[in-house]
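Below, chain A partners chain B and then partners chain C, in two separate complexes.
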Partner chain A sequence: MLQFLLKRLFYGFLVLLGVITVVFLLFNVLPGDPARMMLGQRADINSIEAINKDLGRDKPLTTQYFNYLNDFSILSIHNISDTNNYWYLDRTKYTSAIKLIPFGNYALILKMPYMRRSYQSKRMVTEIITEAFPKTVLLAGVAMLFAVIIGVIVGVLAAIKKDGFFDRISLVLSAFGMSLPSFFAAILIAWLFAFVLAKYTGLSMFGSMYTVDDFGNGEYLDLKNLILPAFTLGIRPLAVIVELTRSSMLDVLSQDFIRTAKAKGLSPYHIITRHTLKNAMNPVITAVSGWLASLMAGAVFVEYVFDWKGVGVVIVDALEKYDFPVVMGVLLFISIILVIINIFVDILYGMLDPRIRLS
Partner chain B sequence: MEKELLQIKNLTVEFKTDSGLNKAVDDISLSLKQGEILGIVGESGSGKSVTSLAIMQLISCPPGRITKGEIIFHKKDTSQQDLLKLDEKEMRKWRGNEIAMIFQEPMTSLNPVMKCGKQVQEAILLHQNIHKKEAKAKTIELFAEVLLPNPAEVFNKYPHELSGGQKQRVMIAMALSCKPSLLIADEPTTALDVTVQKTILELLKNLQQKNGMSIVFITHDLGVVAEIADNVAVMFKGRIVEQGNAITIFNHPVHPYTQGLLACRPKLTMRLAHLPTVNDFMNETHFKSVEITKNERDDNQRIIYSKPPILQVKNINVDFSTQKSWMGNVTAYFKAVNNVSFDVYEGETLGLVGESGCGKTTLGRSILQLIKASSGQIIYKGRELSQLSRNEMRDCRQKLQIIFQDPYSSLNPRISVGSAIMEPMKVHNILASDKARKARVIELLERVNMNENQFHRYPHEFSGGQRQRICIARAIALNPELIICDESVSALDVSVQAQVLNLLNELKLDFNFTYIFISHDLSVVKFMSDRMIVMKKGKIVEMGEADDIYNHPSTDYTRNLISSIPGV
Partner chain C sequence: MQRFCFTILCLFLFASCNHPDYKNNTKKVFRYNESAGITSLDPAFSKDQSNIWVCNQLFNGLVQLDEQLKVQPCIASHWSISADGKTYTFTIRKDVYFHKSTIFKDSTRKVVANDFVYSFNRIVDEKIASPGAWIFNYVKKENGKYAFIARNDSILEIKLNQSFPPFLGLLSMQYCSVIPHEAIDFYGKDFRKNPIGTGAFQLKLWKEGVKLVLLKNTNYFEFEDTTRLPYLDAIAITFIIDKQSVFLEFIKGNIDFMSGIDASYKDELLTVNGKLNPKYKNKFQLISQPYLNTEYLAFLMDTSHTELNNNPVKYKAVRQAINYGFDRVKMMRYLRNNIGTPALYGFIPKGLPSFDTVKVKGYDYQPDKSRKLLADAGFANGEGLGDITLSTTASYLDLCKYIQNQLTEIGLKIKIDVNPPATLREMIAKSKIPFFRGSWIADYPDAENYLSLFYSPNFCPIGPNYTHFSNKNFDLIYNKAQNEVNDSIRYNYYNQMDQIIMNEAPVVVLYYDQVLRFVQNNIQGLGSNPMNLLTLKKVKKQ
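Let's look at the complex of A and B:
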């Protein structure tokens, strides 16, 4: 188990390194100049050079690359002799740092990752992420929770009453849910529930997790804004989970050991709960984990339509404005989340099915 | 005179199919006394399994329906009950409690994600009002009773961690958990090796005597029934054609179908050129099989072994990794094939026999380079196969073909049988046009006793025996020289097995094939082979003339294989 974890963490580390390298190269190969974008069309050459120097863009590409790695890594090497060195430890970058092993002019340092500052807003990238990410997690989490709970229940019921009325209705609805584009569903749902039926539902068309109080009393948590985007986001996973659960249940129900269970004298309820559900869940978990991971990366359309200020909105804005530190920061963060989700899912597989239990 | 336990009166079961109503069981009557073992024998589709499922009321409905009859069960307190009159909820109290059942496939009959012990415990808790702890103790006791090694450990094991025979023991423990008065065993040993079959039969017989229960034992193999049953009912096409004392039926079968079933098992004492089949008896074609005498055999073999071998297997080792380090390096491995060498001569049939897990299948596949050998050489007509390039190997594959064990999974369900046979011909550019190939495929289908109309049909429309014929046609379509038959008849009923064995022998004479015939059943291997190799744990323990090995086995292992042949 421990060996498995270490192995997966090592792979995760490789994934992060790959992401950094690819994104770094892309940003330096694609045309576009952050200094120019910050200063506008009529910037003079001196200001541009000053900004480029400030951003470290005057150095060779390899130096820039290793500097980024050094900033991001928890363990990093720093020159401790020259206090004027730009890359030397400074309190604006690292809130806390511990000197581990000094050697000569350099030292190995343990610190929090520093993901630079946004070119645009000058805010720390870590700050932007910690602000946007909980919103996305909440949205994605609630959406998936809704989809999984309803989806599995409907799927199981449909499988038990195969070819019955309920089964047929759920099949038609799930086909409809799967083919409904999310941006269209978002607009439709926003219009229907927050405009036409607004009187009864009391929901608004836009709104993020926090609402600024009209009377200047600061922000307050406004969870009812979550209902519509989470529902919209959950429709497609819900449809897929219904389908998967149903087919997987039918598959298990046709197997020999179900006949054994019947021959034991078990009731249909026990056959479903004890001998079918656990066996049928693996494909559902695969789908859910993949979906959850992609939702973590931001459900761009839905977040945009409902003005839910999550990761999706942040990353699209940053891409548009060539804001390299933000894009890089968010991508790295998403990669970390993906690695964690995958490890978690692999452990879950083993818990459900001993045949693929990790040695 | 013992009391009656179960009486089946005029039972009829119908199944709705696309082509109308099909009477799977047609007006049968049976009776079973307390403490009796009744064997129901018949080939697949004869209605024997349907009968047993009807007793348990486990026939899925629709498409099945019990249209007529009574199944009367006599309880210990002398009251009686017609099982067919019980509703589903009441019937559940009987299942697993008064009547228990074990099934054919121990591999799939246990829930793979539930510990073995829990599955047995569940049945106990369901029918007996006792505490969980007691139930666990009782389960472990049962495991000891069915002679499972380390019963307490088996309790916490998952089915995939046990062997096939052990799984069937778990199934038996589960069935016996509530001390049923009737045990229905539906082909309980068909999926097992002959050696394991023997031990399971002994176990069932012992438990039956100890607990005084009755058993309905269903099988396609009369030899097995002779070992265990007191009385026998022979079923054919939904009807009982013969019924009576097991020994009497075994020695003096009256109905031609029973005679056929008895005769179609390869004889151990003499070697026939052609096995009699059930059809021969049913059609009353006065069939006379020619015995191959020792002299004929010797002459034939003298010719075969005077030529140089076409295939040489030299010091083959096949290892499977069982443990890997985190870098992916193999740290522990299992030797599936351990330093095996032998030659195969043109025109001979080389038998390969051994228990499951002895490495015979791995060896067969490594000869065809389907599994890479870790070391050693396989030389076919002077060319070492592992040294060939991809293209050269592909040409070579045309000459080396294999027929697999399971005709159900070795045909793609979505490709019509005609296309399935044609596909390898296209790959190897045999014949110029698809039209010519199609004509050839039809010829082949007719050669394996099928017909032209079946060209466009799909595998699910055929029986196991027919599918195996299709696989044979596919293998011979490439005009191969050497064919490996990997347990090719093990999944088939004895009656069908005889037909397929005859077909293989006829084809061998017609096309001058060389066979490597792999099986766990020594009687079949002896019938087919010129020479025989006995394998155990990846090694060859005996090799020589097939009849010599049968008559004078030199190891206990071979002796055990021989004594396990049912009906001996």
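Let's look at the complex of A and C:
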């Protein structure tokens, strides 16, 4: 188990290194200058140089690359005496830094990763992520929860009543759900439930996780605003889960051990819940984990339409404005989450199906 | 599992309950939306309209503009300019205080001349890297320091290298707002979300991306008659991105004011002539006036660039033929619902005092003249010219396609290349594109701002001359205008320069933009101005 974890963590480290390298190269190969984006129409050479100096973009590319790695890494090297040195250990940037091994004017430091400040707003990237990410997690989590609960129930029922009316209807609806583009579904659902039927549903077309009153006195959690985006986002995974559960259940139901269970005189309920369902869940978990992981990267269309300012909106906005630290920070954070989810899913496989051994 | 489901259910039931009602009907709150978002409340970064608007409520500078764009006193009660136009001496009011804050131990502090010296030096500080550093390009440097001098607490002196009549207009920009050094010492870069100024409103709460609330500054120094400003109790700014949703909120009356118009609801709100749809007259009003923004297409003029080697736009006749070759009036009617004025005159936009329809003649729709120009240049019906590529961003594709279609009729083949904004900007700045779309919004209300785009020492990347237009006569008049303090003589110079630009055709001016403000009927005192600056201190809500 430990060996497995260490191996996966090493792969995860390589993934992060790959992401940093690719994003860094892309931002420097493509035409576009963040300083120019910050300055707008009045982009004279002096201001561009001042901004590039401030952003550390006046240095050679390799230096910039290693500076970023040094900032992001938990273990890093910093100057500890000269405040004008670029590598100076500035406590406002490198919070909770601990000096490990000093050598001359420099020291090896243990610190929290420093993801820098947004070029555009000068806001800390960690602050942007900690604000946007919970929203995305909540939206993705609730959407998947809705899809899994309804999807598995419908899938199981459809498998039990194979070729019956319910089965046929669920097949048609799931095909419809899979083919419905999310941006269209989002607009349609917003219009129907939050505009036409707004009187009855009491839902609004948009709204964030928190609502603030007009005088700034109160800020409260407004989970009501989550219902429509989560429903919209859940439609596609729901359709997929119904199909997967149904076919996987049919597959398991035709196996010998089910016949044995029936011969033993177990109740149909017991057979389905204890024997069939548990064994039929592996493909569903694969689909759910993959889907959940991709939803963590933000559901751009749905977030835009419902004004749910999660990771998707943040990253599209940052790409448009050429805001390198935000794009890099968010992508790295997403990569870390994906690595963790994958490790977690591998462990879950083993727990559900003892035939799979972690190695 | 059952317990888990129950918890989720409870959570939703809880969420759908009514929230405590914070609405206070006796207090007046002005609500508007910023789809573009606000990136900083630090005036040193007030580059975009959304940041400028909110900074205008939070901060004050030495001077301010009135609705006719005339410079009026603000924190400076009065000022004098030396005869050579190089020294400006301001007298600071003695009754202006910063917002109450914890940095002043829950009290306040009087504004003194040194605060301006500090604030201005911060704008030009390379470490701050403010996008507004250019505004002090004309300020003299003495021993490596900018000549901002506080003679005493109430006298501030600024020395310039040379006379520059629009300088007072520059000082009205939000970059030149006064801030207390204590706030920067305490907050550092996080001053962006902890602004302390002298403005009519002060920050109450900023939940980024959700809401920004400003409350009335009860100690504000300006009065209207005998009443202390502002009238409003609060300003609440939301950040809904989708413009259609904003429109629906405005229709419902949940937003008091909306600026500009989006293509998605343009025809619902406006008639083809750009007037408010009569069915909305009882609900809200439309305030409209010229906006200091010129929309144009531009050519790269510097033939030393290899991009122009075989490019038809290097010929003046071709540039003029393009200018004559499409109907700006129809373009505005069909594509913009007549929001804006077809640019039949110069590059200087309608709304500036030096805009002159008599002295400056531009281009109108004359397809025959266009054909003749091409024929005289040896390209009858566009033969032998090849394709001309016009680079644009997606938001102006409709205009470019219209022009492309009309120019086909005179034999000019235009290819349209759509680029992301960052790429286009970079390529233009590096002079890689021979024909591109651009726009220029006035930084300060003086035509010099527009003409500086054609002054040869301003070739990009040093300055904003993106076309690399160079004309000795133009440069000569530009220098003369810099030293001319008499407005009417200076405006005359501006018109001469504008006419030179039109004759040489480094640009195809499309239209002069228009400010559009939709305001609920219960709002009073919200005027408008050609800079499209939002000033809320005199606004009343019923």
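In the analysis below, the second predicted complex is superposed on the first by the 355 of 359 C-alpha atoms of A that agree within 3 Å, B and C clash if a C-alpha of one lies under 4 Å from a C-alpha of the other, contacts with A are read in each partner's own complex, and residues count from 1 in each chain.
Keep this in mind: a contact is a pair of C-beta atoms (placed from the backbone, for glycine too) under 8 Å apart; a residue touches a chain by one contact, two chains touch by 3 or more.
Being a predicted model, the structure only gives us computed values, none of them experimental.
Peer 1: Put the two structures on top of each other at chain A: do chain B and chain C fit, or clash?
Peer 2: fit
Peer 1: Could you say whether A:224 touches chain B, chain C, both of them, or neither, answering first, second, both or neither?
Peer 2: second
Peer 1: Taking the superposition on A as described, I'd like to know which of chain B and chain C A:6 touches: first, second, both or neither.
Peer 2: Only chain B is touched by A:6; chain C is not.
Peer 1: Based on the superposed arrangement, let me know which partner A:46 touches: chain B (first), chain C (second), both, or neither?
Peer 2: Touch status of A:46: second partner only.
Peer 1: Scan A:305 for contacts with chain B and chain C and give back first, second, both or neither.
Peer 2: Once the two structures are laid over each other on A, A:305 reaches chain C alone.
Peer 1: For chain A, which side has the bigger count of touched residues, chain B or chain C?
Peer 2: C
Peer 1: Which angle, as a multiple of 10 degrees, do chain B and chain C span at the CA centre of chain A?
Peer 2: With chain A as the vertex, chain B and chain C sit 150 degrees apart.
Peer 1: On the A-aligned overlay, A:31 touches which partner chain: chain B = first, chain C = second, or both, or neither?
Peer 2: After superposing on A, A:31 lies in contact with chain C but is clear of chain B.
Peer 1: Tell me which partner A:59 touches in the superposition: chain B (first), chain C (second), both or neither.
Peer 2: Neither chain B nor chain C is touched by A:59.
Peer 1: When the two structures are overlaid on chain A, which partner does A:205 contact: first (chain B), second (chain C), both, or neither?
Peer 2: In the superposed model, A:205 contacts chain C only, not chain B.
Peer 1: Please give the least Cα distance, whole angstrom, that chain B and chain C reach in the superposed model.
Peer 2: 21
Peer 1: Across the complex, what residues on chain B touch chain A?
Peer 2: 56, 58, 92-97, 100-101, 103, 105, 108-114, 122-123, 126-127, 158, 160, 171, 174, 323, 326
Peer 1: Which bits of chain A are touching chain B when the two form their complex?
Peer 2: Touch list, chain A to chain B: 3, 6-7, 255-257, 259-267, 274-275, 278-279, 352-355, 359.
Peer 1: Taking the complex as given, what residues does chain A use to touch chain C?
Peer 2: Listed in rising order, the residues are 30-33, 36-48, 50-51, 53-55, 92, 117-118, 120-123, 131, 145, 149, 195, 202, 205-206, 208, 210-224, 226-227, 304-305, 307, 309, 313, 317, 320-322.
Peer 1: Chain A touches which residues of chain C in the complex?
Peer 2: That would be residues 5, 8, 11-12, 14-16, 19-20, 22-24, 27, 29, 31, 37, 39-40, 42, 45, 47-48, 126-129, 131, 133-134, 188-189, 192-193, 204-205, 207-211, 213, 215, 233-234, 236, 239-242, 245, 248, 420-423, 425-427, 429, 440-441, 443, 460-464 of chain C.
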